[in-house]
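Labels for the chains are A, B, C and D, by order of writing; each one numbers its residues from 1.
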Amino acid sequence: MTTINGYEQSDREQKLNILNLPALEAEAKKIIPKGGFGYISGGSEDEWTLRENTKAFNHVQIVPRALTEMEHPTTETTVFGIKLKTPIMMAPAAAQGLAHSRGEEATAEGLAQAGGLMAQSTYSSTSIAATAAAGKGAPQFFQLYMSKDWDFNRSLLDEAVKAGAKGIILTVDATVDGYREADIINQFQFPIPMANLAKFSEGDGKGKGIMEIYAAAAQKIGPDDVRKIAEYTNLPVIVKGIESAEDALLAIGAGAQGIYVSNHGGRQLNGGPAAFDVLHEVAQAVDHQVPVIFDSGVRRGSHVFKALANGADLVALARPIIYGLALGGAQGVASVVNHLNDELKIDMQLAGTKTIADVKQAKLIRH
Amino acid sequence: MTTINGYEQSDREQKLNILNLPALEAEAKKIIPKGGFGYISGGSEDEWTLRENTKAFNHVQIVPRALTEMEHPTTETTVFGIKLKTPIMMAPAAAQGLAHSRGEEATAEGLAQAGGLMAQSTYSSTSIAATAAAGKGAPQFFQLYMSKDWDFNRSLLDEAVKAGAKGIILTVDATVDGYREADIINQFQFPIPMANLAKFSEGDGKGKGIMEIYAAAAQKIGPDDVRKIAEYTNLPVIVKGIESAEDALLAIGAGAQGIYVSNHGGRQLNGGPAAFDVLHEVAQAVDHQVPVIFDSGVRRGSHVFKALANGADLVALARPIIYGLALGGAQGVASVVNHLNDELKIDMQLAGTKTIADVKQAKLIRH
Amino acid sequence: MTTINGYEQSDREQKLNILNLPALEAEAKKIIPKGGFGYISGGSEDEWTLRENTKAFNHVQIVPRALTEMEHPTTETTVFGIKLKTPIMMAPAAAQGLAHSRGEEATAEGLAQAGGLMAQSTYSSTSIAATAAAGKGAPQFFQLYMSKDWDFNRSLLDEAVKAGAKGIILTVDATVDGYREADIINQFQFPIPMANLAKFSEGDGKGKGIMEIYAAAAQKIGPDDVRKIAEYTNLPVIVKGIESAEDALLAIGAGAQGIYVSNHGGRQLNGGPAAFDVLHEVAQAVDHQVPVIFDSGVRRGSHVFKALANGADLVALARPIIYGLALGGAQGVASVVNHLNDELKIDMQLAGTKTIADVKQAKLIRH
Amino acid sequence: MTTINGYEQSDREQKLNILNLPALEAEAKKIIPKGGFGYISGGSEDEWTLRENTKAFNHVQIVPRALTEMEHPTTETTVFGIKLKTPIMMAPAAAQGLAHSRGEEATAEGLAQAGGLMAQSTYSSTSIAATAAAGKGAPQFFQLYMSKDWDFNRSLLDEAVKAGAKGIILTVDATVDGYREADIINQFQFPIPMANLAKFSEGDGKGKGIMEIYAAAAQKIGPDDVRKIAEYTNLPVIVKGIESAEDALLAIGAGAQGIYVSNHGGRQLNGGPAAFDVLHEVAQAVDHQVPVIFDSGVRRGSHVFKALANGADLVALARPIIYGLALGGAQGVASVVNHLNDELKIDMQLAGTKTIADVKQAKLIRH
């Protein structure tokens, strides 16, 4: 354990023997301090949307196929021109120092080991440059929480470009903090600085709650911001937090090169739909103009399969990977991604789908 | 604590630190005597409709919106020509002396503090005049349980007009007491007089059960009563307890200037639908001819949002406000309304709806 | 307590203070010996259909009505030319000596007190004549489990006619015993003779299980039997155990003057539908040619209301009445029927339905 | 008890007094060692599909029929030209030595006693010849897990033909092991050799997990394999593990003479549909060209009935029969089949269906 400002961080580094991703939560809870764990695991209000996120995968079923003469499925895929070993990627999540002393550096390292795409958050515990370096050349996206202060935004984007980010994820569903009760119960304030905020007048986040941090960010976000960021960085901008055809088309009209369907893991608008329940409709509106990323509720290989079959090109998750980070550092992260990818491969074989392209053509049924 | 006729009333007066409205019930249960708590919290028969009232909000979902360039949502609204800080209002509820020694006076004061509309019941513990005075000029409605005795009705209406009521809510869904088992188990009789009944021959309610009190009221209510009250008071008459298009149109045809969709918080006809499930149909029948008020099951900002989006102009609730009254007097009441309004504002921001008018245009989906 | 063949029978005689019918089961369980209680309360297989019988009433909802100028609802009704104070009747149920030393005599007396229709079973503990006498002229139906031996059948029908039965209920859904696990677990055999069987060679039922008793009855039943019984008795024949339009029309074609929709209280074919779920379809096929009786799962006034609104003319139940019999004899029976009728009256008032004819026209909705 | 390689096998031989099949599991768990029990009882991932398999039977209901003049139902049926006393058959299941020292020999003997069809697995504990001999001429099918090594396949098929198998079941839904967590938790390896593997270079299975064993089997299976096996054996080939119309038609097009709808008892693709939910669609595609066998989730007579009514000609199950094997050897197996057949007969009588052909014409409804 490493102690920082009185907060005990895991510093484990080991491969994990994983039974399944849901089982990681109880293990991680034992070693992540209560406030940090509440921040990571919690959702908003009574968490109906959070629970529905995972339940919704049971709304449809995969059709098992046989007699397809199929064997040796492969999860390799190329999205945004990036060749990946797996369609499973890291969802950008704040403050991973809450789970491990190496924070996002270890996450980036783990994703690189597993061949998956890393996305780092504006509110990461480690800096853009350090996180990028830890990935040793593996592809990364940078996620932007837009500030009201464009000098700040430009500075972050400059750093991201300089660090070799392959794309910018612009989060648009967090213009105010969802009402997260665990944080309130725990009176949670970030005990660890956020590296990217450190040099700005707003402060480094330490000692603040997520509500205050979001309050400093921009509440007003529109298509022009998408356009501005795309032009400034010359990188693909992926708009994250889309749950309607309307917003998807607004984003694409403004030059978005990716649509990221998500409800922020049930941490923002409770009473909204399970993200999976709207994926198909959004993907149909996008109509293959740009790639679609999906997150919220993914815990099983079959969830990844169903999301791909319903229109996603990449499938992201954060909580289980952060639990892997706490329990095993970079190797723990890789263990989680590898395990989930192994489950996906079994499902691919049993559904007669040899490639990710085949999965995307697979029929789902509703009973 | 204040003791009246052996009944212990709270006399707390303090702001409340509220996590959420559902959590207030357990706290309030500790300080409201059993009989009073059973009367306030209970529903009829096996409470299927009561439970369904709140569950039904999950039948539809709010579509999160982004890229709307929206910020600073406001909950201000004008209904019945009354400018309000919030669309959240007090549902008229009887006998609030069961929860607090100041009864409806403190409720009125709390609603005024929060900028919401107060509605006082015929069966209030405090008199019309006293309740009105406590509101210090803030808008109030008076709710009428029609007696068989029109002298009595006229007398109450005279007082309400004199006290400056902005409207009369005529309750039409309680021509007999719903079968409320908690009251029977507790052999509950009102320990505290009902101020408005005190000067009439029927008695002041003390020592009676709700079944007897309703029995003294009119069982036979029709459009003519609506017309009569409207003409007599020259105030807008809002008909409360409507759950069908037929009744809404009967009421409007008789001159009602407001339709109040409610199933009396699941306290009357068990086996009827959740009030939220019929709101949309009734609102469509009303077709903006008059404002629509909604109550029954509201506990969350997202519930308020969904009710507005499904056709309500004002959204009422009673039990959680009465719990706030018990726990904190007038300030407790204001705390509850403010908290719920804060939740609503978060939902408005995350749904891209700047005004209550926008919320009323928002799309709900069903998954 | 009275002890017969080692079996302890209640001999209570008192009015009951009833909260609701479901609550009677736990009280009755305390005083009815285990084997008898298992026989009375149990259903077949894993009791899915039994549970669904009551749950199914929640598949539709009553529309509360107001502004109807309605008061003083009445439950009086005339069916089969019989004037009744209530549409609630006793379902024919075997062996009520298991619950009370006076058995069906007390039940008949209680039904007469409450103004409801009594139906006695072939397998009653008390004889046709004695049961009829206990009713003191109040209307009764006789239920026939058809034997393979027509001499036996004719003899019973002769007695029923002689005793003044107003109709014959022919049960057709019990050509074999449903697989009732409670009876098997308890190795249940009837400890008390069945009076109507006593004089026949088949034996009086004592020391037999229900499976053996049904085995002695006719397995082969068809329209000709309906015709034969109608012609022989010159009484209305009501065919009980109908759950399809096909069977209803077969019965009517053969001269049935009543259709009794029932799944034997979930005691016969488990995996069949809730009786309430098929009532509407059967009633539509019957199309008012003859009256419709309904049972299976009725526990609340709202259930009676919904059954009437979905096509029933009379609504029967057995278990809760038998529990009332155990707890209070004839007065207990009357208490149960009166309580249920009181709940029905509340529902009628709140739904704006003054008469049973109005209830039958009431709209139900499905949410 | 018999102990083999440290594994304790039941050697009971007795008739069982069965209440119902689901209740057998807890009894069997007491005498089957943990690893073996986990292998037998477990499903894949979080067992959603396994649970749904049994729940899905409640998605439809049997229509009770009366007035059909029907009695003495018979479960005799002729399928694949084989006359059987019951449509209930043994699903081919591996390694029954885990449950009983006599393994498949006792199962075959029990099925013969009950008049049901035996199917033995490639991975049986006892050899094809020994299992066949134990059946004493009663009909058996042989199930093939196709190896990559055709010499091996041919050798097994030769033995099956020689032993008098009436058909070959080719399993096509297990080209990789489903993710079965119980086996992983228990670190389960087969303690007992698989007789049919013993003479081949791949080893006899002892000390291996199911994952390794499946890995040695063919992953690539297609219509040509069906054709090849049919031509080689000149026996009907039944393709097992079909859950789509597409695969059914592929199989028939390649000469399959039977379609076996199954999801391997929820042990393969979790997140796929309940097998019962796809049965009707597959049967419609098959359109009586060849017989349909069904398994997965069958525990009750009503499940057998519903499967037949939805298109199956034979209904198989394994787990409850294996529990019967553990608890009572051959007689235990017969007890289970007989009990289930008895439940089926009750359902047939109550649904007015005299023959299996009638059951297949029975109407199911959906509420």
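Everything that follows uses one rule, which is that contacts are C-beta pairs under 8 Å (C-beta built on N, C-alpha and C of every residue); 3 or more make two chains touch, one makes a residue touch a chain.
If you want to know which protein each chain is, UniProt gives these names: A, B, C, D = L-lactate oxidase.
Fair warning: this is a prediction, and the values are worked out from it, not measured in the lab.
The chain with its CA mean position farthest from that of chain B is D.
At the interface between chain B and chain C, under half of the residue numbers appear on both sides, which makes the contact a different-residue one. The distance from the centre of chain B to the centre of chain D, with each centre set as the mean of the Cα atoms, comes to 61 Å.
If each chain is reduced to the centroid of its CA atoms, chain C and chain D end up 43 Å from each other. For chain D, residues touching at least two other chains: there are none.
If you draw each protein chain as a dot and join the dots that touch, you get one closed loop, with every dot joined to exactly two others. Interface residues of chain A facing chain B in the complex, by the touch rule stated above, are 45-46, 48-49, 56, 59, 172-173, 175-179, 181, 184-185, 219-224, 226, 239, 241-244, 246-247, 250-251, 254, 263, 268-274, 277-278.
Residues of chain C that touch chain B in their complex: 19-20, 22, 57-58, 61-72, 300-303, 305-306, 343, 346-347, 349-351, 365, 367.
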